[in-house]
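In the two complexes below, subunit A is the common chain; its partner is subunit B in one and subunit C in the other.
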Partner chain A sequence: MSDLINVSNISISFTQYVQGLNQRELKVITDLTLDINEGEIVAVLGSSGSGKSLLAHAILGILPHNANLSGNMVYKGDVLTEELKKELRGKEIALIPQSVNFLDPLMKVSDQVIGECADEAEEKEKRAKQRAIFEKYGLSEEVDDMYPFQLSGGMARRVLVSTALLSNPKLVIADEPTPGLDEKSVEETLNHLRQMAADNVGVLLITHDIDAALKVANRIAIFYSGYVIEVANASDFSGEGENLLHPYTKSLYKALPHNGFELTKGHQPLHGEIPVGCPYYERCPHKLENCDKERPFLFPIDENKRVRCFKYEG
Partner chain B sequence: MLDKQKILKFLGYKLVRFAILLVVVILLSFILIDMSPINPVNAYISNMVASPEKIAQLEAYWGVNQPITEKLLNWLGNIIVGDFGTSLIYRTPVLHVIGEKFTASLILMLTSWVISGVLGFALGVLAGFKRDTWVDKAVKVYCYILQSAPTFWIALLVVMVFSVYLGLFPVSGGVPIGALSQDVSFWDWLRHLILPAFTLSILGVASIALYTRDKLIEVMSTDYFLFAKARGEDGWTLIKRHGIRNILLPAITLQFLSFSELFGGTVLVEQVFMYPGIGQAAVSAGLRSDVPLLLGIVIFSAIFVYCGNLIADILYNFVDPRIREGEENG
Partner chain C sequence: MELTGRNISFKYSSGSRQILKDVDITIDNKKILGLFGDSGSGKSSLCKILAGHIKRYEGEVKLDGNEIPKSGFNPVQLIYQHPEKVMNPKWKMHEVLEESWDVPDSLLEDFGIQKSWLNRWPAELSGGELQRFSVLRSLNPNTKFLIADEMTTMLDAITQVQIFESVLKIVKERNMGLLVVSHDRDLMDIICDEVIYLDDINHVDI
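Then we have the complex of A and B:
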């Protein structure tokens, strides 16, 4: 396995105007570090509103124009500049969006997924390819001429997945592909992701569904208040959770239904109310002396695992 | 396939509403005219000398001394059989005058409607696409100025620049009030069309351009636009495929809804440019107490504006595939 993409120290913020002309930086993601290998599924797990979609948009270079992005990304050894993102998106890097709302309501499905064609030859080729992939995902020929609102939930799901595969991507970013689906469709969608990974595609699965993440991912990055506080192997979520490092991850694991729903008191600090020190300080049962004064780094444990906690530093 | 029954039901409903609207408009204008000091007999006689018998005869003819209900019923009865009476100032049947004047105005309105629609839409798309650049700012400033300036004032400005300073077009006149089209050559008429059409066009651009711009910016922040971008679409192609596609129908709908403003603008502009259209006829009819003509114009203007609204409604309800095909699915 070799590194497909390396995201290091990414921060995303918005300039907000509060009370007239007073500007304020609203930091949504801070200091995010993540890497994905070929054929690997990495899940980013975070509650909704924590900036997961923004991470996806940052990698694709489609952030809203009032967003500020800092940090580095390296794709297959090349610095991922905005120009390179523009070149790669829709080709080597593809997005599977969350819902049918991401399809143009006034355009027939096949017309929009093949995109603009320079001439008839290109169109013919693209249509043939689209048909083949749709076929593989059980989408009959009728679907080609449907408008998005005519698709059933399951059909829409498969259209979105097959759209991503149209360009033979190397990296697929799936943004919340499972919520709102019945168990069977969730399983089907996760199988599609597994299939992609088996074809050596790197998959970034963005989700707030820990079950889905545990089912398919090789590694899981845990978001807390805009920070990645731990990157763990999916296999670490087993037994008593003894291989999990960060106190928050441990508590997440204990809160799972089969582990007895043990909830931790308190709430995640929102953007803007994050303390100077460790974002988990308030709720942490193992606070150390300078946890509230200094912010821990995302500390590498081994090749795959990382944790942002002073307990494991040094 | 369109659902025929649905359309019939829709049209039936619209027809009933239109009938109600017409009745209200007719009643209102009738009552207003009856309360005003307008006297059709005086208007008809104007400067002529007439004997008291003649006057009494005319008064009986127009029912000056009848109660308003009787006058109204008489007039309505005539209208239903297609008799709108005779215009007092043109001395020809009202329908004839309206036919002629409306044609002249329709040409003027249609020309400026198309030009302002196309130009406004193009400017709006450009401004939205180039959002926050100087192009966008220029378009916005232009539109705000036009929207806040009175139509009359803009029309006078156009006259001053193009007719008085540049001498490119006749200041006005040429086609005297009351002259019928056969007396005027085509070129003459065209020369008189250009300036008012130009004025109405530049005025009409503002609302459609601003609307288009805002709509495009709205579409540009939708999920489907974002996903199209994520699929590698970009720049003008992206705007064309997913932007324009989604704003064209609302923009056309708005343009049809603007028939009433267009009509209002036309009345003023015709006055300034002495363009022999329905607006000018309406003003003359009002000033010179031509009651039959005035009532006829009121009815036909109402029909005209209503048609614009009806087309907008049809576009909105039956052209969008989401609504159109939604009918059969369920």
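Then we have the complex of A and C:
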């Protein structure tokens, strides 16, 4: 296994006009560090609206114009510049998007999975491949000629997965591929991620579904208010959660229906209201004196584990 | 209080696939009912029919033996999976609530809604926060039945607990009926008194 992509100290902010020509900076992701090896599945776990999809967009170079990106990204030893991103996206780096709204409502699904073709020979080859992938995903031949509105939510997702696989990618970014699917289809989607990893593809799984993440991921990064607050091994999410370090991760684990459905009060700070100190300060049961004044770093615990909490400093 | 669907059959157009066939379902306010099924099995279609969002179907839906009023406030309220899709992006959050009813402060607090959020646009809130508004909006005093179609599927586990705790409290207080639709069997086992599998009541030949 070797490093496929290294993302270090990424911050993403948006420039917004407030009134007239007054601008403000809205920070959405701060200081995000992550690496993915070939054949490894890394999950980024966070609630909706926490900015995790932007990470995918940053790697693909499809952030909106008013977004400011800082930090370093290295793909297979090369600095991932905007030009390189453009060259790689849709080919070596593929996205499985979050929402079925990414499908073109006016195009037959088989045509949009194939995309542009240079000549008839290429089209024929791609069409054969598309059929084979559809077959693998249980999409029958009649689906080829359907329009997106005729698909069920689960079928539409399988179409999106097929689109990503058509180009033989090295890195697949799966943005919420599982919600809205029944258990069987979730298992199926996860199997496909496993299969990709077995074929030495690196997978970045962006999700809020802990169960799904735990089933396939090697490591899990927990995202809160734009920060990675903990990186844990999938195996740490077991028993009473005693191997988890950050209090947020612990509450998240205990809130699962089969782990007690425990209630934790409070909410994540909104973008633009993120405090100077620790982002979890308001809700934290073990806050220390300094926590609201100073922001903790992501302290390394061992080779894999990291946590952003003063309790584990030094 | 009973919401019943009798002999419900549905397909999108005359040539397309039959989605529901002769489905009978009864929801009452004595127990919380869960509806479980594979994707594409027609759960959402059934929810939309029960809530009157789909008007062209075969069969009948009755509330305590009466037709559901076609105009005015609908006592059967449906909560969708994606709150961002059901809100007018040009309305501030307080307008979204006010269109339905005057929500008392105590309830805002129960749902963990900060006063400052009321002056925000939908695009400025995350899915979890929006879903709280979406649920509160449907809790008009005239609401008799709540249909939660994958209400928390897009939310993290902590927010899921928060929203369900608030909903269950008010459902109990007001003696409302609740149908929970989800893929998550563990969740249904915790919340529902009875869970039915759609394929067991749907007579579509596959």
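Rule of thumb we're sticking to: the second predicted complex is superposed on the first by the 313 of 314 C-alpha atoms of A that agree within 3 Å, B and C clash if a C-alpha of one lies under 4 Å from a C-alpha of the other, contacts with A are read in each partner's own complex, and residues count from 1 in each chain.
As a convention for this text, contacts are C-beta pairs under 8 Å (C-beta built on N, C-alpha and C of every residue); 3 or more make two chains touch, one makes a residue touch a chain.
Computed from a prediction, not measured in an experiment: that's the story for all the values here.
Trainee: Does the superposition put A:S47 against subunit B (first), subunit C (second), both, or neither?
Mentor: After superposing on A, A:S47 lies in contact with subunit C but is clear of subunit B.
Trainee: Touching A:N6 in the superposition: subunit B (first), subunit C (second), both, neither?
Mentor: After superposition on chain A, A:N6 lies in contact with neither partner.
Trainee: Touching A:Q268 in the superposition: subunit B (first), subunit C (second), both, neither?
Mentor: A:Q268 contacts subunit C only, not subunit B.
Trainee: A:M155 contacts which: subunit B (first), subunit C (second), both, neither?
Mentor: second
Trainee: Quick check on the superposed pair: does A:A255 touch subunit B, subunit C, both, or neither? Answer first, second, both or neither.
Mentor: It touches subunit C, and subunit B stays clear.
Trainee: So, A:F102: does it touch subunit B (first), subunit C (second), both, or neither?
Mentor: first
Trainee: Return the chain, subunit B or subunit C, that is in touch with more residues of subunit A.
Mentor: Result: the larger residue contact count on subunit A belongs to C.
Trainee: Would you mind listing the overlap between the subunit B footprint and the subunit C footprint on subunit A?
Mentor: 150
Trainee: Which stretch or stretches of subunit C touch subunit A in the complex?
Mentor: Per the stated touch rule, the residues are 12, 16, 37-41, 44, 81, 112, 114, 117, 124-129, 150, 153-162, 165, 183-187, 189-190.
Trainee: Residue numbers of subunit B touching subunit A in their complex, please.
Mentor: Against subunit A, subunit B makes touches at 221-234, 237, 241-242, 245-246, 320-322, 325-326, 329.
Trainee: Which residues of subunit A touch subunit C once you look at their complex with the stated criterion?
Mentor: Touching subunit C from subunit A are residues 46-50, 150, 152-155, 176, 179-186, 208, 210, 251-253, 255-258, 261-268, 270-271.
Trainee: Help me check something: in the complex, which residues belonging to subunit A touch subunit B?
Mentor: Per the stated touch rule, the residues are 57, 60, 62, 64, 86, 89-91, 94-95, 97, 99, 101-107, 112-113, 115-116, 147, 149-150, 163, 167.
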